[in-house]
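The following pair of complexes shares a single chain, chain A, combined with chain B in the former and chain C in the latter.
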Partner chain A sequence: MRSFVARRAAMLVAALLVSSFVIFGSLDLAPGDPLATLTGGRTLPPEAVASLRAQYHLDDPFLTRYVDWLGNAVLHGDLGTSIAFRGTVTSLIGARVGTTLALVAYASLLIILFGVGLGTLSGLRRGALDTGIVATSSVLAAVPSFVAAIILLSVFSVNLGWFPALGAGEGFVDGIWHLTLPAVALALSAMAIVVRVTRVAVRTEMGREHVQTAVSRGIPYSLLVRRHVLRNAAIPVTTVVGITITSLIALSAVVERAFSLDGLGAALVQAALSKDFAVVQGISLVFVAAFVVANVLVDVLYAVLDPRVAMGSRAT
Partner chain B sequence: MSTPAVVLEAARERRRRFAGNNLLVIGCGIVIGLAVLLAAFGPLLAPHDPDAANLGNAYVGPVAGHPLGFDSQGRDLFSRLLTGARTSMAGPFLVVLVSVLSGTTLAVTAAWAGRWVDATISTVLDILFAFPAILLAVLASAVFGAGLTAPTLALAIAYTPYVARVLRGAALRERARDYVAACEVQGLSAFVICARHLVPNLTALIVAQATLLFGYAMVDFAAISFIGLGVQPPTADWGVMVASGQAGVLQGYPMESLTAGLSIVVVVVAVNLLGERLAAKDSEGR
Partner chain C sequence: MKRVPLARAAVAALAVLAVAACGKAAPDTSSSGGTTSTAGAGSALSPTTPAATGTAGRITWATYRDVGTIDPIQAFDYPENTVLTALCDSLLRQAPDGTMGPGLATLTHPDEKTTVITLKDGPKFYDGKAVTADDVLFSLQRAADPKGGGFYPQVFSRVASMKKTSDKVVTISLKEPDFWLDGELSQMPGIVVQKAFAESKGRKFGTPQGGLMCAGPYKVSSWKPGSTLNAVRNDDYWDASHKAKVAEIDFKGVPDDSSMTSGLLTGGIDGSYVQALSTIDQLKADKNKVSVFEGPSFASDAIVLSNLKGTLKDVKVRQALSLAIDRKAYIQNVYHGAAQLPRTLANPGTWGYGKDIFQADWDKLPDPNPNIAKAKDLIKQAGAAGKTITLGMTTEVAQLNTAANAIRQAGQAIGLTVKFKAVSAQNFINFFTDPKAREGIDGFPTVNYPDYADPAAFYNTIVMPDGSQNYSGFADPQITKAMNDARSTADPAERAKFVAQAGDRIMDQLPWIPMAAINTTLITSSKLTGAPVSFAYMGGPWANLLGSTGSGS
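On to the complex of A and B.
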């Protein structure tokens, strides 16, 4: 187990190093002078150009610049200065990260609650309810978050007026109120996938011999489901919940755009559109780091639930 | 004699399920075929100029000759929907083409060479997994400018490890088969064995993967266009139309966003169902 975690941790560091290298190097990949990319084609006063040149050490060799940039980012939390947002990238990220975290957390909660709940229900009970859940989830799995956003906006905020259309709201309750439609839009297709995987996992466990044995031993139904079915079904379900939740991190950008939320993803897209490169690099780095760390956590959790994984063999 | 009745009933049930599945596959095929036809000939089929604006018609509902009415600029919505199929389908198609080509090449190379080549390729692919597709596409359009090319390439790179991971396993299984050894004994070169014998045996799996991937690519590509980093307005494109219709949604005219969004959903549902069916068939045949 310990060596498994160590291996995953090494992989984590390697992935972070390589992805930070790609994010930083992409600036040099851009056609034309890096300085032109940094200024985004704006004409700046010579002092500003000189300070940019000094700040990015544009006269140094590439590798030196990369090490400097990464060192500043990791040791001092310094990711440079935004051209369009006026201020340091770190302060911009600090101001925006709350909305994104709340959105992803809310959507994750919905996925766990409804995805696993409905999937278990559908797996345990055959019949009309099961068929309905399966049919609905195979359509919902194909609805992209931004289409879901449009439909939710049109139905629940324009026609019914139940939820506000745009913005993040003030305070905790109002904030949750404002985040409900975005979180549902973000969670919907992932939830549908979790429902389907949970359903199959529960049904597979129900058909296993050890469950049949437990039935013949006269174990009460609720105990049977909790102890013998759900515990074993938890292994594939945790994996798919983990994978879908980590995929929400990048997808949040699309939903934030659709609902005009001022989160990290919206800032990333805004920066990409206005060629504010320091912001693009900074937020990309945060997103990739979150994504990679979340993935490793899922892997380790998987190994905790199923010790066979850490020993190198795969669960069946 | 109850047994024959049960057997007959089971056979009937099997046939019914088979027919049901076939109907589903035929339905999916029709939807996909229509979408491909639109992508090829949509601009020719459009009854009106998709870009001809007339603000006097803004948000006018369906009337004779304009079955879906007009968008916020007074452009004929039906014509824009037909024309928009082209970029909405061509983008994901290119993504799938590039990622399947590169993924297959990497997977077969890794499976064939083994040892350090396999280890290197697998490590690189593992690291590529660290980039969510959408993030890579945003990064690419920030660097190379918004448009069709940068997001297409970025998505293709982001999808490559998914293709390669599945195909590497399958290629390893094929590599161990007797016919490969027989070819080697006959003195065929590695390239010929892979290109003529090994890859053709993986065709069913490759087609299933490509189909499933097309569904994901279509959603991601439309999302990139929706946030403004892909296809640029005023080009008629389904992702762009969902975004440009958003102002209308808030004013109670959701036609543009909804029709474009539904077009994406219908094609993606059809592609996903077909892909799952192909993948199931492939694993049955194994």
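On to the complex of A and C.
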């Protein structure tokens, strides 16, 4: 166990280090100049330009800037200063991380609850219900979240007035109310995919020899489903749920924009547009870290679900 | 002096990507079905909305992105200016119609090379301390300092010295007469911040950590970087007759058009000054929930001609191109009618003084309607048939794309070939900032506006040899002289004559080609009223005029 944790921690650090370099480098290579953001494209006197370039270290060579940034990040936990928001990146992330976390958690909950729930139901019951679920999920799987956002907004917010159109709300209940439409928009297509995978997994397990044998031995249906079907179906389902939830982290940007949520994704898009290097770097690293951690959790779950899987090795 | 900024363009690009199927087609010259009802109106648009009668509680005001800084000398774009004009008073005050009057101070000119700033009795900062001449001098020097990190040092280019001459008076000595400086002191460079506070905050001044100390109807209550800025009414505001009626304003960045629309329709957003909102017709249709107002603006939609050495060297070619543009169709397509045909390059909303002079000039000028026969004749005279013009453009921002296509269509109609050099929305700004990006292109579309209501403040950047947006090296002795005469003329009516003269000649010489004189669009909840519907919100007070339509809530 200890070596597993140590290995994973080392992987996290390596992933962060490599991605920080890659992001820093690609931002440097991308066309455009952060000075345009600082000046709004106004023609400033040369002294003013020089002063701005010096203040934000725009003329230092690439490696110098990267090493400076890395040093500050590692030694002082300082991820740099945003040129667009004139604040530290850590305070920007701090102010926004809660919204994104709540949104992704809410959407994940919806995916697990409805995706796995409906998929299991559909897998166990053949008939109209199954057909209905399969048809609906086929449609929903193809709806990108920004389209879902626009439809949900126009139906449930503008026309029916049940949910607010923007903002993350204040407090728990208000927060849930505000985040419901965004979470649904974010979860919808992933949910549909989970439904289909769960359905197939349950069907496959139901047809397995040991389940047929269990049925013939007269094992109660509920016990059969829980112990023999769901337990075994859980492994592919966990894989898919894990992948979809980690992808939500990146997708959240689209939904945050559509609902004007002050989250990390929305800030990332804005920062990338204005060449706000430090912010892009900081938020990207948070996403990378979240991605790695989510994968570790999935691996741990494999080991819990399937005793044959040793901690840290991949289930196949 | 200013232009639709990078971020706005990029945001618009995203909006376009999000609704990819809704890209606008180029206006079709053959079917100019849309008519602009206000064409030829000049300054006829009203800059005000019905006065507010009651107070209101907490409201949300949307800007196209979140506020980045509240340091006045670093403010140049819509979100920052909208917030700062709500928070801080300037030395002079811009009225909704663009005229300027005393603000924190009165300005006098004992002689044409001296400007005397005399503080009023009474102005107080948020902390109750009086505004002093030291604070005024500090604020002006801060704005004028090229190393101060601000955007306005050029405004002070004719200043020889600034001195405190008594507790209430700061005297500015000028190298040459400069009556443009007065206008600048009515907006961002004229905002007075508290010296002691600003010095104690250093580089953090105006950031979420450092905050702001000025004299104004609202003060910042809470603000986290890159998110909603909450401003509360300053109950001790020095100017009792202009106290705010709305208790609290949350300034929220809403970059997405559909989010802005649903926010306004559901009451999540109570108001916004919007720029070319694609869903404006949908909002206009819902009169019970929102009020949509249109008023004068400083902004001009135009084609920047960045190279006058190629095909466009001959003024006849420029005139022919301009004559071939179907602006009515363009205005209908891009602005849904919320713009006028531009008889001058500057928008009539910029007539902050000498209105009669400018109006008479406008009335005298023809509407720029297409005249293909005349245009073809000019091309023939210039021997330019078959020549090529290359336009820098981006297909990712609907307005810029449509403008470029309108020019292509105009060019083709008169026998010119118009080629495009397309770039991404993010890189469009490089045409303004990077000479290399301008290599090989003859022009590019823009929306551009001056800082205060004066056509000269706009022309200045385009036609003067040292103008910040004079990319082509355009120089016309008559225009330069009229502009210099205007800058040195104290009497507003006389000054207006020089500016109108320059304006007429600009329309003849066409250093840029005007496309449309845009209106300011204000959208508020139907429960709110009072805010000016003019570009003055970018430089003068607006939030304290806002209140409820009823007797209070």
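A few remarks follow.
To be clear about the criterion, the second predicted complex is superposed on the first by the 242 of 316 C-alpha atoms of A that agree within 3 Å, B and C clash if a C-alpha of one lies under 4 Å from a C-alpha of the other, contacts with A are read in each partner's own complex, and residues count from 1 in each chain.
Operating definition for what follows: a contact is a pair of C-beta atoms (placed from the backbone, for glycine too) under 8 Å apart; a residue touches a chain by one contact, two chains touch by 3 or more.
Everything numeric in this text was worked out from a predicted model, so none of it was measured.
Of the two partner chains placed by superposition, chain B and chain C are both touched by A:158.
Of the two partner chains placed by the overlay, neither chain B nor chain C lies in contact with A:127. In the superposition on chain A, contact of A:273 is made with both chain B and chain C. Once the two complexes are laid over each other on the shared chain, residue contacts for A:48 go to chain C alone; chain B is not touched. Of the two partner chains placed by superposition, A:61 touches none, neither chain B nor chain C. In the superposed model, A:220 lies in contact with neither chain B nor chain C. Judged by the touch definition given at the top, the superposed model places A:142 against chain B, while chain C stays out of reach.
By the touch criterion defined above, A:258 lies against chain B and chain C together after alignment on the C-alpha atoms of chain A.
In the superposition on chain A, A:86 contacts chain C only, with no contact to chain B. Once the two complexes are overlaid on chain A, the chain A residues touched by chain B in the first and by chain C in the second are 31, 37, 146, 150, 153-154, 158, 165-166, 257-258, 269, 273, 275. Taken in their complex, chain A has these residues touching chain B: 11, 14-16, 18-19, 22-23, 26-27, 29-31, 37, 138-139, 141-147, 150-151, 153-154, 158-159, 165-166, 247, 249-251, 253-254, 257-258, 268-269, 271-273, 275, 277, 280, 284, 287-288, 291-292, 295.
Only residues 1-3, 5-7, 10-11, 14, 18, 60, 65-66, 68-69, 71, 74, 76-77, 146-151, 153-154, 203, 206-209, 224-228, 252-256, 258-259, 262-263, 265-266, 268-269, 426-427, 429-430, 432-434, 468-469 of chain C touch chain A when the two sit together in their complex. Residue ranges of chain A in contact with chain C, taken from their complex: 31-33, 35-37, 39-45, 47-48, 51-52, 55, 82, 84-88, 91-92, 95-96, 146, 150, 153-154, 157-158, 161, 164-167, 257-260, 262, 266-267, 269-270, 273-275, 279.
Interface residues of chain B, counted against chain A in their complex, comprise 123, 126-127, 129-135, 138-144, 146, 215, 219, 222-223, 226-229, 239, 242-243, 245-246, 249-250, 252, 254, 257-258, 261-262, 264-265, 268-269, 272-273.
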